[in-house]
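In this document, chain identifiers A, B, C, D and E correspond to the written order of the chains, with residue numbering beginning at 1 in each.
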Amino acid sequence: ADKVTLQLKWVAQAQFAGYFVAKDKGFYEEAGLDVEIKPGGPDIAPEQVIAGGGADVIVDWMGGALAAREKGVGLVNIAQPYKKAGMELVCPADGPIKTEADFKGHTLGVWFYGNEYPFFAWMNKLGLSTEGGADGVTVLKQSFDVQPLIQKQADCISVMTYNEYWQLIDAGYKPEDLIVFNYSEMGNDLLEDGLYAMEDKLKDPAFAETMVKFVKASMKGWEYAIANPDEAAGIVMDNGGQDENHQKRMMGEVAKLIGEPDAKLIPEAYERTAKALLDQKIITKQPEGAWTSEITDKM
Amino acid sequence: MSAIRPNWQALAALVATLYALTALPFTATMGPALSLAVAALLAAGAILSMLRAARPIETTILAIASFGAAAMLLAGLTGAFGTANAGYFASLAAAWLLGWRLVTVLSGDGSHGDKGSSLVAIAVPALFGIWVLILWECIVRGAGVPFVLLPPPSAIGLRIAGSLPILAADFRQTVLKAVLFGYVVGSLAGFLVAILADRFRFLANGLLPIGNMVSALPMIGIAPIMVIWFGFDWQSKAAVVVVMTFFPMLVNTLAGLAASGDMERDLMRTYGAGHWQVLVKLRLQAAMPFIFNALKINSTLALIGAIVAEFFGTPIVGMGFRISTEVGRMNLDMVWAEIALAAIVGSLFYGGLALLERAVTFWHPSYRR
Amino acid sequence: MQVGRFVHDRLLPIGTILLVIVLAWYVAAYAMNAPFQRDTDRRAGVTPTSSEFLVKTMSQPKPTMPAPHQVVENLWKNTLTVKPWSKRSLVYHAWITLSATLSGFAMGTALGVLIAIGIVHIPALDRSFLPWIIASQTIPILAIAPMIIVLLSAIGITGLLPKALISTYLSFFPVAVGMVKGLRSPDVLHLDLMRTYSANKVQTLWKLRIPASVPFFFTSMKVAIAASLIGAIVGELPTGAVAGIGSKLLAGSYYSQTIDIFAALIAGSIVAILLVTLVDLAGRFVNARMGARQP
Amino acid sequence: MNPVISAQNLDLTFTTNDGPVHALSDITLDIDKGEFVSLIGPSGCGKTTLLRVIADLEQPTGGSISVNGMTPEQARIHRAYGYVFQQAALFPWRTIADNIALPLEVMGIAAAERATRVRDNMALVDLMGFENKFPWQLSGGMQQRASIARALSVQPDMLLMDEPFGALDEIVRDHLNSQLLKLWAKTQKTVVFVTHSIPEAVYLSTRIVVMSPRPGRIHSIIDCNLGADRPLDIRETPEFLAIAHQVREGLREGHSYEG
Amino acid sequence: MNPVISAQNLDLTFTTNDGPVHALSDITLDIDKGEFVSLIGPSGCGKTTLLRVIADLEQPTGGSISVNGMTPEQARIHRAYGYVFQQAALFPWRTIADNIALPLEVMGIAAAERATRVRDNMALVDLMGFENKFPWQLSGGMQQRASIARALSVQPDMLLMDEPFGALDEIVRDHLNSQLLKLWAKTQKTVVFVTHSIPEAVYLSTRIVVMSPRPGRIHSIIDCNLGADRPLDIRETPEFLAIAHQVREGLREGHSYEG
């Protein structure tokens, strides 16, 4: 069987259920693949791992992938299971912020590490300085939990629809206690979890063929996971996930972002993402060949 | 006496150079002529340096050969990313060996009469550093290591030059606020607790095991907690530094307080000196080498601690913040620029402490040879 | 007599200090959890009596500051009610971390001693190396740990060794610095004595410098083993939080599971205590063997 | 007169890694105010140990002792004595002058007074010009003299001196012997003095305690009534030589081998 | 005979934090093989320093010196001498027996031979029974004796001894003096011996070098031809007393004050 190493962008959780299911249910094996899934974490930059040869394919957000591409890591998007972004900014309803107009002079929690681009694009659009002061917003580099809101260190924080949002609910907030700014709904979203491989390796037809098999089997995994969320959550737990109830809920939310499982990248979403990155000078030139439909076309 | 004075560095350099001759040219853009010139320079340097010449002449030969070859090898990399062959690296090794020989000759043999000028005292570590940079640059660019894994020093240097205001702001946030405060408070607390524990055995017996425990608390674990407790600004980083620096000072001070001689202690007893007088006039003095040991270790721990703590919640300024976010943006040159800043600050801090130590513990045998 | 001393010199003082800490901890738990509890109650529209409120602050599932009994309960659950080799057991994770710590510590100590010996004897090293060793220590380990792990895994080194190497990196420094001082600490008179025997460097090292450096050695090792543990834990983070105390801390922090974090911290600390105590005992033993005056 | 130092059946055993060492056995001795008592005896017989017991630096394992009617500990805390150690025990981080000032600082004596006393005592031991040197820059004998100056600067009523002049040449020794005698005659100090020089013991003392070793016992106590005024050439008088002979005999009897 | 030690116009100045100290000035001295030369002089006159120069522990700032026809450094490397320091300088972490074995270990002498030599020399200085004690468990004089045993165990051709018997009582001193003399007569060692005791110097030496201080110079060199066989009671003979008187006068002249 062909060996494939997949590097995830984050720890084992239902966010990546499709891959875990494909492995556990033997979909990869059926396709003649021997897949190793490496969990990630805040200290792991999948772009670095793949550049160092530690992975064949990675799950990444497009912002990070395009930035790395400009730095010489020839990442190419080969599939885009996630159609919508799950990131949003939430503020307590009893706090000072009710609408975009209230941001001025307040503190907002933002995830960095390559996840800050949508936020800055948005603030750019609103014309708000991010340097603090009465006329701008103060940005707090947020830890990967919801403490800043609970501790009232920030007036709003970043959450994922499928994860931290529910931590807030668990912490006793009711949905009506929260005001939500969803990037997808505002049209400020950048593409999230896609699959990326190295350009030079893709030139090898054998590798491309392996990737076709891999993406196909992965999408089968996603289909199965969406159809059987509870079982999928169980599989995630077997692979090191934490808190089974939480994973079940996450599976449900993730399904909403994926929609009808289909690995194809929507070119308009790509153009919008690239433009937002260019506007903020995260990347300096229009990327060329950063995605390909070759793999998905062959499925 | 023969006219030749062989040494292993020059001989090894010669062997490496010979090997390099079998693999001309060295890189895609380096013609055979230039490659040959490098090899010739290295061979000449290696042989000439072994002649029984006066030291200034020997050092000049070594400097010209090693740095001349290094310069040509560097020049040979333009437009040749990742194309260096084995001959290239063999020549690089030869140049480095001659550089090493140069350092050895400059440092002397450490005999009594050979104290060396202050110029040498600066030149030797500087040479070492320059060679680290040359090797790094040549290996990264010659072997084609991806930028996102390890950028070459030239790129880092450019980035430093172009980002001075950002670096200054980060320095202010991390060093001037978190590190200094945490270092002073943590070291002072460790010191005072050691004094108290020394006075009250009960406290020592109870506190030390618990002190051990706190000290080994991995900062990664306490950093998020400190952010929860002290807010996301520098105070929480300072708190991490306090916790990290506390224990080395406690342990070292206690060991130092036990280091005074029995006879000296008896002497103070005959004066009917109280605990605090013995402490101030005898035991603290004798403890100074240990205390400085802790201060030195803490100076590096404090910097690491503050930077790492900024990986958690922080305002969007600070060395740790920059490192963690720029890694995510694949701006590895910026990451290394911050690391270089940390290294410079840390070394200066440490150097200052070493000078102070020399002034305070001038009487210690280690300074009397 | 032995038992009496143990009770008097160990149990009693440690017990007292622990008691003070636990009490302060409860007070802090109340103070820190109260605001959130008030918010929750307000949102839920309930007004508990003060004793109900007190109980609630001590039993939040994700408290700002977990109460001691919550942590103890968690520790109990994760050590004694599960098989020690199961992935849910803290004993298992502690063991993973301990093995990386010990190998890193052993390598770090050896490296530190070697470097110190080199520095004391080779002027070129003294001059050129020390400044760079110091500089190396100012590099924030968490920043380069991921790079080390990636680089090493790129050349096929995974598992225990990368973590142990990070431990080594953190632990060799205190040993090197302490030992340089220690190896230079012998009396001038004693060095002169060895000179009159025209003892060579190895003999002077072995018979004079090393015995004279013993107090420095053990003091440094105590700091180094603590640093090793930190290194091992930090090294566990960029491997995707698979196993070890570090992974427990990380996983806890993703989900704000403060109780888990504290339990993992305490597990780490217990490991630390054991290690430092071990070094301390070894130090006492060697000291006694070397004829030190008993106080 | 009430004895200043009164020891009854003192006994002291050190426990060491390989068995006990019986250092003092059944020592009974009274020393009156103003007496000058020398302890003499073979090397290792317990002279230093006895002095340390008086100074409360060692606890006897048997018997009882009082100093100025107090326990040795109380006496020490009342700063009843000045002590000169067998080794100089100077602090390496202090200059010679500062070393001599050390006990005065501990006792809280004003800076001006301190400076005077340091100067006077440095002159007494002929160390002028070495005020600002550090101990390792002095010869062995000079270090010893500095430590004598340090003890004298305290101006205690009682002096405990452990071979203070061991490292000094004859001339300096003679000089310091007569200085010490003058000081003693003038200030009526009580002095307990360890020495291994028989002439020195006879020249200085009112009584000489001869000790014998393993375990350290008092072999004999020899009175030495040469009067308060003792010029250096008293050492050639027959009385002097007779006492010296007596001490030498006592010493020899207590010794494990013959010279 | 070729001199074993030959010093020409030796000069040594220490630089200290407050100015230079002129320790040796214009020392010219030849010592032949088999001689027993004593250095005597006031405390701080440079005796130790001169001995250290011979032993290559101090570098002269002027003049020249050869030992066994070599530089002092070469001589030291050839282990030409045994040295007894003014302080005992025992390693605190070694037992007494191990301390005495130290130079033998360094010189790579086999364990069995080492054990014999340690035993013999411990007996010589009367330290049997203290093999397994640590230095702080010994009296000052016992430590000094251990350090003498350590130097003798090397069995060197040349002995450099810096006040070796300073801390010993008269009986032990006499005993060790005659032992040393016997050893010297039997083995034809060259001995350079620092002392501050005039009778000791006269009793032991073939020549006595009297030094005077600041800067340390040679005041006079006194021959001392009492023959190889010297019973202890030679010290009462007129020749002996005459030489002693001569030394005392020399000493006094070099001294800065009168006793």
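We take it that a contact is a pair of C-beta atoms (placed from the backbone, for glycine too) under 8 Å apart; a residue touches a chain by one contact, two chains touch by 3 or more.
None of these values were measured; they are calculated from a predicted model.
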What's the minimum number of touch steps needed to get from subunit A to subunit D?
2
Could you pull out the chain whose C-alpha mean position is farthest off from that of subunit E?
A
Busiest interface, counting C-beta pairs, is B-C
Rounded to the nearest Å, the gap between Cα centres of subunit A and subunit E is 84
How far is the middle of subunit C from the middle of subunit D, if each middle is the mean of its Cα atoms, in Å?
52
Dist(centroid_CA(subunit B), centroid_CA(subunit D)) in Å evaluates to 54
For subunit A versus subunit C, what separation do you get between their C-alpha means, in angstrom?
35
Counting only residues that touch at least 2 other chains, which ones in subunit D make the list?
17, 87, 134, 136
For subunit C, residues contacting two or more additional chains
64, 142, 146-147, 150-151, 154, 187-188, 237, 250, 253, 291, 293
Two or more partner chains touched - positions in subunit A:
42, 45, 48, 52, 143, 145, 147, 151
Listed in rising order, the residues of subunit B that touch subunit A in the complex are 146-149, 224, 227-228, 231-232, 311-316, 321, 324-325, 327-332
Residues of subunit E touching subunit C in their complex?
52, 55-57, 76-79, 81-83, 85, 87, 89, 91-95, 102-103, 105-107, 134, 136, 154
Complex contact set, residues of subunit E against subunit D
14, 16-18, 21, 40-45, 47-49, 86-87, 126, 132-134, 137-142, 144-145, 162-163, 166-175, 178, 196-198, 232, 248, 251-252, 255-259
Subunit C-facing residues of subunit B, complex
103-104, 106-110, 120-121, 124-125, 127-129, 132, 149-150, 201-207, 209-210, 212-222, 224-225, 228-229, 247-248, 251-252, 255, 259, 262, 289-290, 293, 296-297, 300, 303-304, 307-308, 311, 319-320, 323-324, 327, 335, 338-339, 342-347, 350-351, 364-366, 368-369
Help me check something: in the complex, which residues belonging to subunit C touch subunit B?
9-10, 12-18, 21, 32, 64-65, 122-124, 126-132, 134-144, 146-147, 150-151, 154, 173-174, 177-178, 181, 184-188, 191, 215-216, 218-220, 222-223, 225-226, 229-230, 233-234, 237, 245-246, 249-250, 253, 258, 261, 264-265, 268-273, 275-277, 293
